[in-house]
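Paired with chain B in one complex and with chain C in the other, chain A is shared by the two complexes that follow.
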Partner chain A sequence: MPQPELMKAAKDIQLDPRTKIYLLLLINIVIFSTNPSGCQLIAKGALAAVPFALLCSTGMWRQGFIYAVLYVAGQLAEIYLTAYAAGAWGLLMRFTTQMLSRFVPIVIMAYYLVRTMEVSAFIAAMERMHVSRKIIIPFAVLFRFFPTIAEESCAINDAMRMRGIGFRGSPLAVLEYRLVPLMMSIVGIGNELSAAAVTRGLRITGERTNIYKIGFGVLDAVFGLWATTAAILFFIL
Partner chain B sequence: MINLKDVSFFYAGSESERGIRNINLSVGKGEVVLLCGESGCGKTTVTRLINGLIPHYYEGQMSGEVLIGEQKIHELPLHETSRLVGSVFQNPRSQFFSVSTTSEIAFGCENMALPVPEIFRRIDQTVREFKIESLMNRSIFKLSGGEKQKIACASVAACDPPILVLDEPSSNMDTDAVEELRRIIEIWKRKGKTIIIAEHRLYYLRELIDRVIYMKDGVIAGEYTARAFRALPPEKLTEMGLRPLSLSGIVRKYAAMPESNETMTLLGFSYSYKHAASTRAALNMKNFSIPRNAIIAIVGKNGAGKSTFARCLCGLEKNFGGTVEEENQALRSKQLLKKSYMVMQDVNHQLFTESVLDEVLLSMKNEQEASAGHILDSLDLLPLKELHPMSLSGGQKQRVAIAGAVGSEREIIIFDEPTSGLDIYHMKEVALNIERLKMQGKTVFVITHDLELVMECCNHVLHFENGKVIGNYPLNSEGCKKLRLFFGHIPASD
Partner chain C sequence: MTKKKLDVKDLINVGIFTAIYYILLIVAGFLGYIPIFSVLFPLVVALLCGIPFVLFLTRTKTFGMITIMGVLLGILNFAFGQGWYSIATGLLCGLLADLICKAGEYKSWKHMVVCFCVFSEWIIGSMLPMWIMKDSYFEMVRDMQGIAFAGSLESLITGWMLVLLIVLTAVAAVIGAYLGKTVLKKHFIRAGIV
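Entry: the complex of A and B
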């Protein structure tokens, strides 16, 4: 008899992968479009709260808190401060606040997606939508790849600090120093990862099972409706 | 069970991987076969023939036949082969697909389309057999290298294939993790699995193997029964380019090296990561002194704080408040960043430029080609100075990284696991490079799980446990005994 904890863990994936992707797309479209004003800001805020709620619900309190502070600060600064700033400083401030209030929600939603998306659940959910596995598998491997890229990038960053590069030379050269080793290691890891995948029986065709329960539940409905309503309000207000 | 009939293979468009010629090998059911030989001898290629990655994934010219039972592996689709052969690879970083450990163990079974209750039954059974209950439902990102490798073994075991192929599985492991791996292989052996292991580190396999295939330059150069192989004298193994079969076979290269009288004192080496998700250990060390211009081995289990210590010593941790005192000057984090240098486990991360010469010039304060040439010459790199660092071999790359450190006039050089997964020849090459640095007056720290490397070149030992220094002693005959005890070996005569 399987251990109850194991079964519980498998159910712990709270949202259906399709819901997560839908939320990401919605946040992308809404938050990145047009300059909001008035009531639109409330709708936007409601949507930006979605990644916050998701992070907190998976116990990533720290990340959730940082995100909330960044977003609120950015949004408030954008509304109240940028009007008074002029010249180069104004430009810089506008740029920063836009980054905080627009990019951050998207980045955080993507972070949540990558951190909680089980490759196996993703494959199953996409197959429900009749997407070909030829398309699913590369995406699935890509998800797995982001954290690895982040890890490699940190290591290269350390190496650059130790060498004292980063403060001298042209920005282009610094970019090159960073990208060349990153590319080399990504190609290597990607190759090994694919080889490991095929020896474990991952393939394009044929039946496949999945230990996660795929399907829409209460949470999917709550988050889906919440985000959709916010998005509709955003566009009609 | 497994039959390789006159198999030759040459990788397409690759000069670094040389391929194999005329391999004839048959392995019976339940046999444990060790493939050994120097790096590049072709042992990994043989494992790839058995798990079907050759010719289905790695392309090249192949002749001959690979049979498992009646099945021709070179004609069978890979997903069919995966039911017969389970594979564990060298690099734990690049063989995981899932976020959680439980899902990872299920992955292979899911691909075989087993019913879900059966998958859970198998996970449950594997977890109990391997005693890895504490690793379940954890994020893979937060596991140590050794723990990851255990999960890799478990996920293969859950698929229950009759054949297991392991390609240098112990490369990144500490002594304890190696012992766990040995136990896992023992379980498999008891269950009658057929096991093929390509490996450099031999001591842990001593009592498990039934047969040994020794490869050299792409051909099988010797075949031994376990008894005959165990009877080979240590000198013979060294001559064959192999690591010793037992830790007692490892002897100190120099009887005793006099330590220099100058010391450096490390003050306030305490540090903890605020980030709760960090996998790195905290430090909490009392002040201690170590000799300068020495080669200091840093040993300890995974999670003892070795890499945190190294990062603090390099000045990579911005908020680290400790100091290093030498010659009446106190170096803080900022100065340490300029005074010390780490040769990373993966040197690819620290080579940035287009030629070996540029790499040295980049790190020099005043770019002088003459003195750069001198540094390259001292590391046998002068003939390679125009080449792209990425086109070099692993050992050469490491020397380029060292050249960078010398060029930037660093006093303290730290090596992070410089010999994991190296054969004896390359291990000695690394030891030689480390000794060269000492001769130039540097203080060298070597973080390592490799007893042989310590015995080969180090003259002082720092032993860490739970972020504390629990041993700080010169590597004289007394020190050797202590060190052997840590490596789980009852001292013989030194």
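Entry: the complex of A and C
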């Protein structure tokens, strides 16, 4: 074990990675896959407030505020407006409110997860749960790569615009000018990543030490209980 | 040549290609809000993902990589609210695809095509609730998307549609695989990536 003072202390309010994953799953199950009515809306709102509180607690005030506005607007519109809408307009309306009140909480929670969770903290937490390394390593790479893919695809977009290649044209051309360069750069980055990982001794089996201190704290209990209570209430009501 | 054990490099490759595959799947998923496309979604995925999958297969030399990819995709689908069926189908299709590729020693092109056909069927797992829990599923869709959408979707969901979907997905996967091979030849081999 490394010395305690060498371990990274929580800079902001940090939850255990396992708590974050648990919260994501709970929000996912309750908000995404159900269709609330009446009193259930209150429980759903309480659960939807979890990502908001988390964002604010890490100082991402702007994102938290935008999320709150989007969710409340979507939910209100879903309750009061969709009943009056019909036809194509109604379909569009339902689609938009569904996206806002159902999809946005999960996306925001996943955004928070990716933004605040260090890959090594994630690995440490998963190892604590005795998940096989054959699942942990690809998953860690996956987490690291979603932002990279977004970044690279933005850069490719810029490059293609400079060459005057837009999104018009056949779908095959889009594949050739967007997907192929993207995959080339991703594969290159992947090769570098494997070299770096091997250099850092990822090949070594056996117990590993970690710079992140993993453990449940008061905040884990608060958020865990908050979300669990909301979820239980949701299914009782 | 087939290697015996999974290496860290293999596992990293699995992670990278799963990421690309899933991003393309999300792109295809946006089509799902047009009623016909929410049923034909597996075809679009099979067509689009041929390119990354064929490139992935050129770097696959070990048994287990395709299985892990299937499981990871299933877990991702579950995490994004598509139900747990995807994990089961991901494991099943991944394992079968892996076995097929192993029979071809991870270099026979014919085996690779069949492997991709089998692998592409995993995504049907995210749609299985439509068939298995038809009544409750459509009640939910009716509440969520309105009667018009649910009606046009429900008329498409029949037993033979599932069979047709499986066959069509396999056909799309063959096209996707050949598309992938063409792109591979045209770009990746020239660039020295393979």
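FYI, the second predicted complex is superposed on the first by the 199 of 237 C-alpha atoms of A that agree within 3 Å, B and C clash if a C-alpha of one lies under 4 Å from a C-alpha of the other, contacts with A are read in each partner's own complex, and residues count from 1 in each chain.
In this section, a residue touches a chain if its C-beta (ideal position, glycine included) is under 8 Å from a C-beta of that chain, and two chains touch if they have at least 3 such contacts.
Here the structure is a predicted model, which is why all the values come from computation and not from measurement.
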Inset, instruction - Examine A:V198 and indicate which partner it touches, taking first as chain B and second as chain C; both and neither are also allowed. - result: both
Legend entry - Contact breadth on chain A, by residue count: chain C or chain B: B
Inset, instruction - Examine A:A140 and indicate which partner it touches, taking first as chain B and second as chain C; both and neither are also allowed. - result: both
Legend entry - Partner chain in contact with A:L24 - chain B first, chain C second, else both or neither: second
Inset, instruction - State whether A:D220 touches chain B only (first), chain C only (second), both chains, or neither. - result: neither
Legend entry - Touched partner set for A:D16, first chain B, second chain C, both or neither: neither
Inset, instruction - Considering only touches as defined above, state whether A:V180 meets chain B (first), chain C (second), both or neither. - result: both
Inset, instruction - Quick one: classify A:G90 as touching chain B (first), chain C (second), both or neither. - result: second
Legend entry - Set intersection of chain A contacts, chain C complex versus chain B complex: 140-141, 144, 176, 180, 184, 188, 193-194, 197-198, 202-203
Legend entry - Residues of chain C touching chain A in the complex: 6-9, 11-16, 18-20, 22-24, 33, 48, 51-52, 55, 64, 68-69, 71-72, 75-76, 79-81, 83, 140, 143-146, 148-149, 179, 183, 187-188, 191, 193
Legend entry - chain B to chain A touching residues, read off their complex: 51-53, 56-58, 77-79, 81-83, 85-87, 89, 91, 93-100, 102-103, 106-117, 119-121, 123-124, 136-137, 141, 155-156, 159, 276, 311, 314, 316, 337-338, 341-342, 344, 346, 348-353, 362-363, 390, 404, 408
Legend entry - Contacting residues of chain A [partner chain C, same complex]: 24-25, 28-29, 32-35, 90-91, 94-95, 98, 106, 110, 133-135, 137-142, 144-146, 149, 175-176, 179-180, 182-184, 186-188, 190, 193-194, 197-198, 202-203
Inset, instruction - Using the touch definition up top, name the residues of chain A that touch chain B in the complex. - result: 1-3, 5-7, 9-10, 62, 115-120, 140-141, 144, 147-148, 151-152, 155-156, 158-165, 176-177, 180-181, 184-185, 188-189, 192-203, 206-212
